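So that we are looking at the same thing, I have put the structure below in structure tokens.
Labels for the chains are A, B, C and D, by order of writing; each one numbers its residues from 1.
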Amino acid sequence: MILILNSVAIILFPLFLPGLIEKIKSLLCGRVGAPWHQSFSDFIKLLQKELLLSKSSSFISNLAPLPVLISGLIAALFVPLINGYSLFNFPFDFVLFAYFLGFSKMMTLLLAMDSGSSFEGMGASREVKFTLLLEASLFLVFASLILVSRQTVLTQMIQLYHLKAPQTIIFVLLLIIIFFVFMLLECSRMPIDDPNTHLELTMIHEVMVLDTSSVHLAFFNYANGLKLYLFMNLIINTVIPQTHEILLGLIYNCVAVLILVLIIAFIETLYARIRLSRLSEFMLLTLIGAFILLTLILYMNGANH
Amino acid sequence: MENMLILLFCLVTLVGEVKSRVSSHIKVIVWQGILLFLIFIFDSTGAPIASIIFIGIEVLLIRAIVIPIILNRILGSTESHFEAEHKLSSFYSLLIMALLFISGFFIAYGVNKLFTGISPLQFGMAISTILMGLYLILSRKKMISHIMGYVIMENGILLLSFSLLGDMPLLISVGVLIDFFIGILLFRYYTLKIFQNGYDKRGKI
Amino acid sequence: MILLLILPLIFSAIMGIFRNIFLSKLLTLIFSFYFIFYVIYSLFHTSQHFTPYFEMNALSCFFLFIEALLVLVVTLYQLAYFKGESNIGDRFNRYCIFYLLFIFSMSGFILTTNFGFMWIFLEASTLSSTFLVDYRSTKGSTIAAWRYVFICTIGVAFAFIGIIMLSKGSAPFGGTLFVSDLIAHAQAINPLYLKMAFAFIILGMGTKVGLAPMHAWLPSAHSEGPSPVSALLSGTLLNVALLGIIQAYRILESAHLAAFCQDLFMIFGLLSLLFSASYMLNCTNYKKMLAYSSIENMGIIAIGLSLGPIGYLAVIIHIVGHSLSKASLFLTSGVIEKMYHTKRIEGVKGLAVRSPLVAFVWILSFLSLIGLPPFPIFFSELLLIYAMIQSGHYILLCVFIILITLIIYGMGSSVFSMSFGKATHTKFIFKNSSLLLAGQLGLLLIMVVIAFYMPSAIHTLISNAVSIL
Amino acid sequence: MSVLVITLLLLIFLPLTFFFFKNDGRIVLFSSLSTTILLVAVIVESTSVFLNGHSVTYTIHSYGLLGNIVFKLTPLGYFFIMFVAILSLIAMLFSHLYLQHYKTLKRVKYHLFLLQSLVACMLMLPLASNVLVFLLIWEGMSITSFFLLYFDFENIKVQEGAKIYFIFMHIGFFILVVAFSLLTFWCGSSDFTAYSNFFAHATLFKSSLLFLLFFIGFGTKAGIFPLYVWLPKAHSIAPGNVSSIMSGIMIKMGLYGILMFLVIIPSYSLALIAIVMMCAILTILIGAFLALNFSDMKAILASSSVENMGVVALSLSLYMLGAHTQNTLIMSLSFVIILYHCISHGILKLSLFSTLGYVTQKYHTHSIEDLGGIVHTGKINSLLFLISVISMSAMPILNLFVSEFLLFIVCTLLMLNFTLPTTILAVFLMVFLSFIGTIILTAMVKLYATLFLGNKRFNTEASLHSKILTIFLSILILSQLYLALFSYQVVSFLLKFFSFYPGAENSNILTEIGYPLKVVSSLSAIFIGLLVLLYIGFFFLKKRRCVETWACGSQNLTLNQRYTGESFTLAITNLIKLGTKNKSQSDISRSLFSKRNHLTLIKSDQIYGVYRYIYRFIKKISYFVLWMESKNSQQNILYLLIIVIILTVWIFKGAVL
């Protein structure tokens, strides 16, 4: 039952989340904006469109979107979703989670370099730069999670609600913030990257898929939404305990997701995007945050033993 | 008397140094030969007659007569009669030679304490002569004076062997003499060759 | 043995009388063959002697063996080498005469048991080989010959002083100069005499060996002389002079003064390594390069002598390796000189294209020289390192390895830049090339074979030589 | 056993017959065939020997300096023989293809001879069971590979690179000689069988010192930190087949040398472990950043080999850590990682280097910036190459990821089971590995994208299309897939080799990692299946239309608008300057009013720069020494005199005072 629910969630949420965020954004700006299911209908529309390919592109352009999609889905297997249960888990699956995200990134890079235009290459090189710091800090975070809960399974790793010690509050908060930043990065949300700007020179993720169309573009958007949803769940499940009541879990999850969506929307309305040149410092901050996290953990372990 | 001769032998070299002409060095060699013979006569009382004759031939004939003649030939054919060109100024080289001469006495003194059964003065003088010969080689530019330095050094070595040597087998002495003589001939050959082709410009050979 | 000492004299006299090229070639050939056969015979009949002054033991037999081998190779080589040179004839005749005299003096030196004779033969070898060095009588060769004869004569005069000291030391026992007697009475001799004597002998004969810093004659003489001569000089003459030092060393060893000698050996060896390494790093002339590598190898041998029994074994093996490979290198360098008419390294390019065989021999002999297994020098260096470790000279080990590496780099870079690269000239066709390369190939083959199979006679010879040392 | 030895000797000496052939293609064909047959024979014989009892000794009595020649087949040796034999069997196929281009050249004979000798030496090395024989074969390997570099010896760069290789080989060789003589001196025997017993009782200092020496000495060949410098240079100048064999197979022999002693040394000092780990980490770091910075395609691959050998060295140090703490689980796991990584890296490097060798042969350039859009000339080969590239950057569905995954597992175990320092170390390693993973990913994307993707940037009609290459690559890729999809079986097979050595008992490794491995493999299988299905599906469902690239409205895209590899990596290299020193060289100064200014970016390895600096310093010293040297006879005699005086003073000092 939970499995079915989770798989449904995996399929549905990514399709609606971006549209939802846009809707709330426009409401906050005082516009009416596109309907809340806009992204979903975009998806449908894209599926019907004719597939355009660049002349200078090769089989990569045909191939790349599929691995991106599939690796996204496989990464989704390990993430605890509704009720804090993942579709599938096994020891050391956090490595696979990280590496499948990396794989999707690699395929995106290849796709970007495939059409011989300069803009996509530019985007690719920026993407790589952020990935460099992100991967490191992601593993730092995982390491500290392992140290806290002596577990090697992602699902059990990130559940911190059973920590009672007072200093864990700081810890959890820090963790949530870091995960939040990861989410913004991975899904190229506002303060880092502006999904709906129209100046290619400043784009990161969007520029890489400039030359993709219909199905492929749909896949990319879906994968993007999926990542968003996965990271949201990572954040959520740090604080919400596992339950067996499906309904309760579903409600918890939806509420939490909504809260996160609201936060994202708020941020995106309040902040302008950070200058590219400052972005690497911003990334470094997350890395430092992760380090602080780790030291905190080590300190706590020392206190425990 | 013997010691007088030895001192004379060494002084001759010094005197040769005072005269700065090459031809005077050749005279030095002649004198050295004669003195060596006299020293040997005084030194080896009761040595076998054969060796006395041999040494007489060696010293008087070869060292005092033949080699100076050869050297004169070289001198004649390389037109380097006059200045024996020093690397240092002649004053300093004279000083150094004098120091070497005096050092001979110190060596003699030191040797006297260390070894037994050798005549220290002879030893010291021999050493200082050898050193003087080497100094001649080092301080002169002309090849002819190198050869002379070599000859003087050989004389010193001979004196040393007088002072140290038990009776060396005659065969060996003959061989040594032959080698020495051929060596001088070879020197002459090459000196002439190098001079005639003008290979040696700056005395750097 | 009498024949060995008399034949060269007779032959050279004959050559002097009838001045005939063919005759002199024939006689040199006959002699070299006789020589090798005699040595092989005496492998099985050691301890023969002629007058008290000359006798054969394992050590001298070993040195003779190497000399005979090289003499044979060189004699065969120079038949082809001097073909088609200008005003051959009288000069070549004289060359052959002095060649035989040179060989005579060296074998005399090896065989004699008396320091006096040793001195005589050493001086004689200098005098006789001077003309060989000056064969071409160009400016360079003449100057080289002058340096050679002058420096060596003075050095040997120093050695004479040392010998005088020895005989004075042994005056109580009738001033003998026989090695065996000296060894027997070594205990009773005043150590000051012995030390002085050794100091003078290592200086004097070391000048002949080419230990730094008394080596000024060596590079010029080796590079200016015709290749067969330089092969013979560095292949045998250096070893021969070394034998003299070894004899003196044996005396001091039996007087328990080995430590003193070993210090001297180590110092001179390291100096030689240092000087040759610093030349190798910026060398311009390939024959000079080979000459310096002779200095280097002599230094290695000196270091080996300072390292006790295992070091001695290393020394013996190293002498084999060095003499053979160096001779083959020098002979090949003669071929290269014929091909390119220059001694400069920059002038030689693309040997591998112009004549693969020459390049093959050149590179292989180089590899054998730097101690690539299975060539002997590999084993000797292994043994040296082992001996250093055994005697705890770790600093020496480090310095040794660094210097060797530098030398290998310097030599290697020039050898390979000669062998490879764009060929500047057209393809080279030899006249009677077989003789020009057969000898080297033979030497290389011997060196490879003894790694895998060594006749028992040679085995015993080497072990006896080591035990004598 | 004798049959095996004879086969190997035949492998060396058969090519001597080539010198009687005429210069036509038949030699290449003949050699390929003979080598193939002989290699198959070797595989069969060694397997039979091994199965009949894994410690067969075979002695050739020789009365030379070399002494007796002893061959012995140890389990580790058997592994490496199989490794070399099988991989060279595959490599011969490419070598055959590669040499077709030169088959009329005269030097092909020598090349083939050297190639076969190299392979034979690599096969003999694991058999050698005696110091002298081992060193003999080792040096034979070095020297044959050295001369193989000289295939295109007119090129000056080839000579330079080969020179560097030569000198580094010799430094390594000397270190090995010292190490072996130390060992022989301490152990008192030059026979390998005696060493395990020796190390069992040796003091910690002795064993550590020896291991360090061996690590550096063999590490020279394996391309580990202090002396890896030759590797990128040598590989970039070598002909394609040689560089693939060197990087795929030969550098693993250095690894064999280290393993030989790793498995018999019972315990290590912490200092040694720290040193080895530092070397490993530096190797990984430098290798990765060199791969990122270089623009010479072969140098990129060579640097990535350096990085991978660093990973192997890292697992070596983890093994030592396990041995230090008596933790058999970590020991066995690291051992498996070493072997597995060795195999998969060998296969990968074969495919990558061979393809790029073929590319360089066809397009006559080494710089990736000159090329682009090769994919349009040969779709299948570039797809196969893409798979290798993906695998090289340790992506989940392929083989190199498995060893990466195992490494992460080891780190996690360290983190959970050990004290604070090891925990910190493990966390550091985890983060470091992921960081390096991204760097390598970038380098590989740069390589592939710049070479293969985009528009054609060359006007030659050369094409990558080649049936033999396709077959060759597909064999390799199939083996990669096997390694990835059946990783559980492979690992359990490799564990058998470990079980021969002390510390293997009660290692419950399979129960620990069996399940994750199986899951990973099955996930890869699912991934590939899905991919194929979806691809085929969409290929038929969707109809496509080709248009110009939409570069923000700028129509008629020129070739120079393509993002170059240099600028692709600039984002990272601006952030972290490491690995190479860049110097841009312009020829504007050549003429006063030069029409065009041609800028060239010269990149040089920083560590190599350090070595150059040391060399210059030594050269300065040498000038001084040459100045000291006596140039004419007078000076020489002066030296004589001075030395005489010094010696006299020295001698009489004792006597007088």
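One rule holds for everything that comes next: contacts are C-beta pairs under 8 Å (C-beta built on N, C-alpha and C of every residue); 3 or more make two chains touch, one makes a residue touch a chain.
Keep in mind that what you see is a predicted model, and the values were worked out from it rather than measured.
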{"item": "Smallest number of contact steps required from chain A to reach chain C", "value": "2"}
{"item": "Chain nearest the global centroid, as defined over all protein CA atoms shown", "value": "D"}
{"item": "Chain of greatest Cα-centre distance to chain D", "value": "B"}
{"item": "Dominant chain pairing [most C-beta pairs in contact]", "value": "A-D"}
{"item": "Chain A and chain B, separation of their C-alpha mean positions in angstrom", "value": "101"}
{"item": "Centre-to-centre distance between chain D and chain C (centres being mean Cα positions), rounded to whole Å", "value": "43"}
{"item": "Distance between chain centroids, defined by C-alpha means - chain B, chain C (Å)", "value": "32"}
{"item": "Rounded Å distance between chain A and chain D, as computed from the means of their C-alpha atoms", "value": "38"}
{"item": "Touching two or more other chains - residues of chain C", "value": "146-147, 150, 154, 192"}
{"item": "Of all residues in chain D, the ones touching two or more other chains", "value": "631-633, 637, 652, 655"}
{"item": "All pairs of touching chains, each written as two labels joined by a dash", "value": "A-D, B-C, B-D, C-D"}
{"item": "Sites on chain B touched by chain D in the complex", "value": "110, 113-114, 131, 134, 137-138, 146, 204-205"}
{"item": "Interface residues, chain D side, partner chain A - complex", "value": "372-373, 375-376, 379, 382-383, 386, 390, 393-397, 401, 404-405, 408-409, 412, 415-416, 420, 423-424, 426-427, 430-431, 433-435, 437-439, 441-442, 445, 448-450, 452-455, 515-516, 519-520, 523, 526-527, 530-531, 534-535, 538-539, 542-552, 557, 559, 561-563, 567-572, 575"}
{"item": "Chain B-facing residues of chain D, complex", "value": "631-634, 637-638, 641, 652, 655-656"}
{"item": "Touch list for chain C against partner chain B, complex", "value": "114, 116-117, 119-120, 123-124, 127, 130, 137, 139, 142-143, 145-147, 149-150, 153-154, 157, 160-161, 164-165, 167-168, 170-171, 174-175, 177, 190, 192-193"}
{"item": "List of chain C residues in touch with chain D within their complex", "value": "146-147, 150-151, 154-155, 158, 192, 195-196, 199-200, 203, 207, 212-217, 264, 274-275, 277-279, 281-282, 317, 350, 352, 356, 367, 370, 372-374, 376, 378-379, 381-382, 385-386, 389-390, 397, 401, 404-406, 408-409, 412-413, 416-417, 420-422, 449-454, 456, 459"}
